[in-house]
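In the two complexes that follow, chain A is the common piece, with chain B as its partner first and chain C second.
Up next is the complex of A and B:
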């Protein structure tokens, strides 16, 4: 029996436990001979499955052989800032003491979705009490367009406005209240132009922010022609507001040269450094960007934290004073982009068993007014239109529709969840059509031998894991027994209907923009033996800094407490990638490991010579120098070794670097291996629906999730639980509403409902799959955990459809757009009661 | 942090202890307007001496809007002059450097600003500073005893009841109150009575477990 790291939570037993760790790698080898063999054969076969392409660097060598689990890395180490968090001493941007004379900035936003600015009179603003400076696009010395990847995002609107909430001007005043008041004195006249809010109409009209992309595998038309059954349907998948609890905020301090130091709540300091420098027309080295932690990011601070830093930086340079900028919640919500809403369609052919033979899928992402990250977001939706299933001979088309909305952006999953939704709808629909349980059809469609390559040409490594996860979860959640009970219950109950669904997740790990898959680290050992590590990743609550400190402690054989991270700073580690795509630990942990490995080698080389020890077998463990061959006498502690190394003039500082091997993708052919590996998981949700009111409750959730060999089970469990809850919120209660003028109405927690304690399933069993190390040479064979669990929430939506379907004796698969609010559930129920002719779509 | 000397002289008026009752808000306000320098009327962080000659007093902040209050904050009596419209949250964060309570939504809907006033939990962003005159105010900074953590703080660490940490001070203040109110008898009750505090990271499981553990230890003495 493998041990599972699990947290069981329910009202009756109310226990929360984390089982003791065991030596997983050995146990894995014993209990999983097939998998272990598979790993071996791959490592010796192609020669490229592990490590870097060259294959001979220390990082690569070390990862081929799993190290014994003696290191403290496997401990469920608490968050490195935990004590600061619980005492209120952890400082976020707005908690930082500002320098003397700091000013408060505020931003004037457009009230019109689309139009031409005919008058922008800020004379009255300048006369308002406390106002020191006012800027418009005309005052920008450098780049006016701060589009992060492609142009299209003016820092301040110049002639045309493209959405309600678009920044028009910014001011600096001596107090926050004065700044807020002064903004309202602006005289703004905008001649309206016809706005476009419907992405489908935009796509029909060819209004795109980026060109359409197509992926194809085999002859999809022939597959459709010859398929015994063909179904088609469409769905609307709603967006999502990030609602990071710490809003967009920065503090910019002008420096003694032409530059600035920017403290910002930000997932991408290097990009903000670049954009600030370009706006100010100064070299990058004149701008330093620092982030210690964020009060939540979720993708909302990947590109969209930069504009505020740019505005504050310009005001700081002009006034010579520090600038604080903190957006009020409602303005933050209106001015920044969200998760892309999607309109998806499928037309799929399948056999009598419900196995997909091929077909066509179209995904239309609502990108808002500019490209931002939408090229990659829609790509990732396309890469996940298969989720865990082989699509056979399929074509997947992704459109990037331009609408007059805030530019939609990264959000945990980055399009992946929206792409998965269409195939999960198809699974339910096909199951109803062939008269099988949806789980049966899902299992039949999973990647397997002979059907193990995606529609974009990537071989699905470790696909047997998906089968194992589902089968174990079937058993642990009593799926079939509960299925029988629920069917019996629903036959008796006219109004209250229960629903059950198991949905899998297969999520590709790597930035699909290849160049972003790199990371750097900077490691210093000071002469008292304390260690400072800096890396390119940012901390937003996901525990990245904790994991990186664990890595360094493990490599150097010292306590976790001996290792510290100061902050993420562009002057410590340059040219970094955003902390995104779940890759924070994969990339930065590897870079930190590289740096620590160099230091370790230096120290051991030095020790062998200095103390006359045999170099072979020498290593660092538990704060001491030890040897596998013979005793180290006299004993040498870490501190003594460092002292001696310093006196011996050994460099105690190193930079580390990592780039993900093997990945490639050719956009022209739509084929490649964009992902280093896949992370897997599955969830079972049970719901209870009042079909006369549409109200429902999630009664029980069971999750089994794959994180490879966990770097930190406590943190990973938190990511899985939190990801599920956020995904559930996206599909159920979090509804974005705009009025006919394109103004967001749900701009605060009173109207935008994110899950709260009461939405927690009363029974919530979450386990990490153990004993299955990553088949690729990732950081200690771990897997990324930031985004994949988000999509576990899809089982709640599918369970709602299941409950609704019971109204028709499970013959009809009801369309259910998201978020599946009680209102939408009620409308779906009424349509079903009115008869199949009124159900539309999937018949 | 708590002593008078550390506050900028122009954002915190000297303590005036004699003769003013807590009920004479308007009278005190009028008096203050004539007595104290300009900066007092703008009790925000950046209102240190104006560096720009252009700066004029904000008309809306002049006479009649300043009150003197004397709450006990984390056990220390403070006498403060504040704009009558200042929220307790802004008083704590902008004047007293007690930044543990966070401004999440500023509309009393997220719970990140939760503190205790006379033993009851309140959303400090919706509580006027003027209303805590004479009251006991307890913030996250005041619940631990020196270096020793409050049991609820330790329980949050032990149960991984946090991720980004931004909601955590508010969650802990709400959790302590939740138990003191007698609303922590089981997980379902805890979920109901903690529902005013949002955690966007979704660390709810751990928080409920932490509250349950402390509630149990309180029950069992």
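Up next is the complex of A and C:
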């Protein structure tokens, strides 16, 4: 139960160390049987785990099948498209063959951040070679506003423009190059209005895209008044470009009626179906949206893939020809929103031990020009302003500032990472103030008995798991020994400074918009025994389709290869939620399981009657009908059973459905249980900083991450590694820069730096925590894995602050805005050298 | 992707005969195929030269090293002769691109590689190099990565190669073959400055094929170092790079070679800086003076002024490392 999955990159030295560490951690784990036992009994709690859950919500079907078949789903099955990915046979949107006569669409974008359109003359565009059609807002028959949740996003700007890169018009031409050249012939005049780029100024002026929300637990003012120590600080947390490898792209084919079929690189086909139908002013059933896979999404295709499909659909209906729309990278980057930059502040009171008693936190999200998903993004930032720590009596305020930027949107973590950053900064600051190691202070502040309820009222039931993860990682990474070595090294070394940090992650799983926590699936068994599963989730490389096929194979007792998955289509499974919030497998896996369970029940009922077996004890295993009560003779294979069932006129098709139980949240009181459960993890990062140039390297990273009972350890490890690297990129090298006119200067790979293979830490130990199933009745007791590991990257930022702090003998906690580029690290080092008076954060 | 006629050449003569102004040779294809997909290059005929017998590396009697045009970047970087006598070249090759690309890319292909200027690679942008007379969007655009040396009003595109920077410093000769026979061109004369005709990038005429590159004999005893400064640790072009090679005469510099990458419109040899090094003490002040001279004529654009101090610093650091290695080398020779 305690065997570890260990992954080591690099050297023989690391391998040798790893072996030693594994032994050590196993030994150490066994020396603490009490803690382990407590967690075991809490997390698998026998009575609740295998039955149905009580509650006023729709409930999951019987949630755990205590059968050996379990091994099948735990298998580290390769990604269903792995071979196709590496051979280039996997088809993305731009690879799809278009019907004869297809046209290429291109979009004209605003060069002005804020202003009124005084002239939009497209006569010259129409005259350009190859141009067939041109559309502006005036040509839209239906809705002009395609805001996904709240209004505010015109498909094409009508009178006012709100950011550089906003679509003004779209054209269709006979070739891609002609379309790109023709766009440049437009005559656009915009009378500029004063733009606003500073979210703090916007918040001060009350310029919000959505109302401010507040969460409160206890009397925070009194807590501050009576606290022996009070600290306050602020931080800027930068945004992040999604940098999906496949850019925004779609292919729209007009149908024989009034509708269209839309092939789109898209995390939310149902929403795109709705918006396309509303723009065209036709019923939803006239629009079919399909996606087989994306070349990455990361949230950037949750709402912001829809506009391009809407434009292409309108051009397709007007011209009667298929339309391809693929944005050039620079335009894609300028026109679409990013991760929200945040300005955060805290004022926290704590005792002599550094334990937080209470205080006040303010989070200002830079939402850009429209609401998009910002209501929920800033909510999630607020829900994670505590990360893994009890804030005591606290007030958390979240503002949604309106600026003249592209509308910032979903991005892996969905505000959670930005919220966590403020409390992680506070942990470091408090530790310096009380003269303790930051890890000591972090551990003292973790949720525990008597401090187990969040500032929004959710009980944290698995808090001992966080404690265990940290303690195990402390040992496996040799945290304290390395801490001593590093302190000694830093005393000797004037310029090169090393830093070390361990940071935890506690991430809430569920859409905070309750109605999105539902999913559907459609399962067919054909008469040769092959199975087709379709569900509402989309594949963006994360392995969702692989996991869902594994679920179906396991439920039907057949091998993985017998199950095939087809493209996500709105005419197969309707009214779906976006593949987002890490919930793809949780929701769609459950829906697929529901469908497969129905088919299995039908087949077993049929078999009992047809073959005259005892229904009790019949099940499907290894492609055969099996009975726990006596042998099934003669043997009945899966294929024979299906044939017999077909001839016996049994329906071999089923729809499945799932909705997450128990969750609720009341915005008026700011209290509830928005999350079905929490996923946990922790990471230790070590950095080496040249404090005269700001240049640094991440030398070693150790990660221990909780995915409950893993659905697929290979895929989950990949998600943990990739999430960490992407989180590290967000906080270190990925810098978005705009000029004074609001034009994004970092609009492609030449200027915007995502980490590459060479940026991997040379020692990178990643483990999945084993033996701790989800305490909630999730899919086979697994946990969501898409977003939580992203925030493991925070340890790199904290380690940089640790290295910098050594310049002052660990007395001062240096402010370090993000991304912590070498430039920012150098500035921080210079400020520290100039004396504490020049350091703003800690006092 | 646009259609083109594909054929395979089985001899150098055969290949040279096929090449006209609307044709292109393909070897590794790591630049050409991308640019065809991007509508930047539109050859009607593509002649595959991979079957030609140009894959040998051989030491000539005069001490020079002759490298076949089709030797891959990987093979060249790991060739024993190169590692032993031209570590500078090996370092530069390994600093470029990724393993996968180096496995495909060839020596002559690297010499012929096109600029990574984003406006050159965007068929809808104005670019005099791609479309003479259309203008230069880089001048008023995002030009952080463009050149500070050798630019003209017509073009400020950087030559992106790392390998060529090392070859410029080492000194080399290109062998060009055509139906009329062979001719040789000094490496430094092969690439052209953009001037008013940025679309003419080099000295290769229609009907000519690079068949070999011959390196000058190595300096000895000498140290050399290739320093590449970039935005991230791998798979990235240089913001500035410096190839330095020098021999020592006691504490004085004997011979010196310096070339820059990432900042010039061609692989940028710095003869004036070299002259300022020869006969001077091998110390930081000397290196700094040489660096100053090397960048004397540099002209920044709106977003790339930082490249000038960066290039200076890269020269100083590369010379410092080269000196250290030259001292080590000298000690070893002394012991023998």
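Criterion: the second predicted complex is superposed on the first by the 784 of 843 C-alpha atoms of A that agree within 3 Å, B and C clash if a C-alpha of one lies under 4 Å from a C-alpha of the other, contacts with A are read in each partner's own complex, and residues count from 1 in each chain.
Keep this in mind: contacts are C-beta pairs under 8 Å (C-beta built on N, C-alpha and C of every residue); 3 or more make two chains touch, one makes a residue touch a chain.
All of these numbers come straight from a predicted model, not from anything done at the bench.
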With the two complexes superposed on chain A, say which partner A:607 touches: chain B (first), chain C (second), both, or neither. neither
Regarding the shared-chain residue A:733, is it in contact with chain B (first), chain C (second), both, or neither? second
Looking at the overlay, does A:750 come into contact with chain B only (first), chain C only (second), both, or neither? both
State whether A:170 touches chain B only (first), chain C only (second), both chains, or neither. neither
Touch check for A:328: first (chain B), second (chain C), both, or neither? both
With both complexes overlaid on chain A, does A:758 touch chain B (first), chain C (second), both or neither? both
Chain A: partner with more touched residues, chain B or chain C: B
Just chain B (first), just chain C (second), both, or neither: which does A:180 touch? second
Between chain B (first) and chain C (second), which, if any, makes contact with A:382: first, second, both or neither? neither
Contacts of A:645 with chain B and chain C, given as first, second, both or neither: neither
Which residues would you name on chain A as touching chain B in one complex and chain C in the other? 176-177, 181, 328, 748, 750, 755-758
List of chain A residues in touch with chain C within their complex: 176-177, 180-181, 184, 328, 330, 733, 745, 747-748, 750-751, 753, 755-759
Which residues of chain B touch chain A once you look at their complex with the stated criterion? 42, 44-48, 50-52, 54-59, 93, 97-107, 109-110, 112, 139-141, 144, 149, 153-154, 156-160, 162-169, 172, 186-188, 190-192, 194-209, 212
With touch defined as at the start, can you tell me which chain C residues reach chain A in the complex? 39, 98, 116, 118, 122-124, 142, 144-145, 231-237, 303
Chain B contact footprint on chain A (complex, rising order): 7, 9-11, 14, 16, 76, 78-79, 81-92, 94-95, 97-98, 100-104, 129-130, 132, 174-178, 181, 243-247, 293-298, 321, 324, 328-329, 540-543, 714-715, 717-718, 721-726, 748-750, 754-758, 760, 762, 764, 766
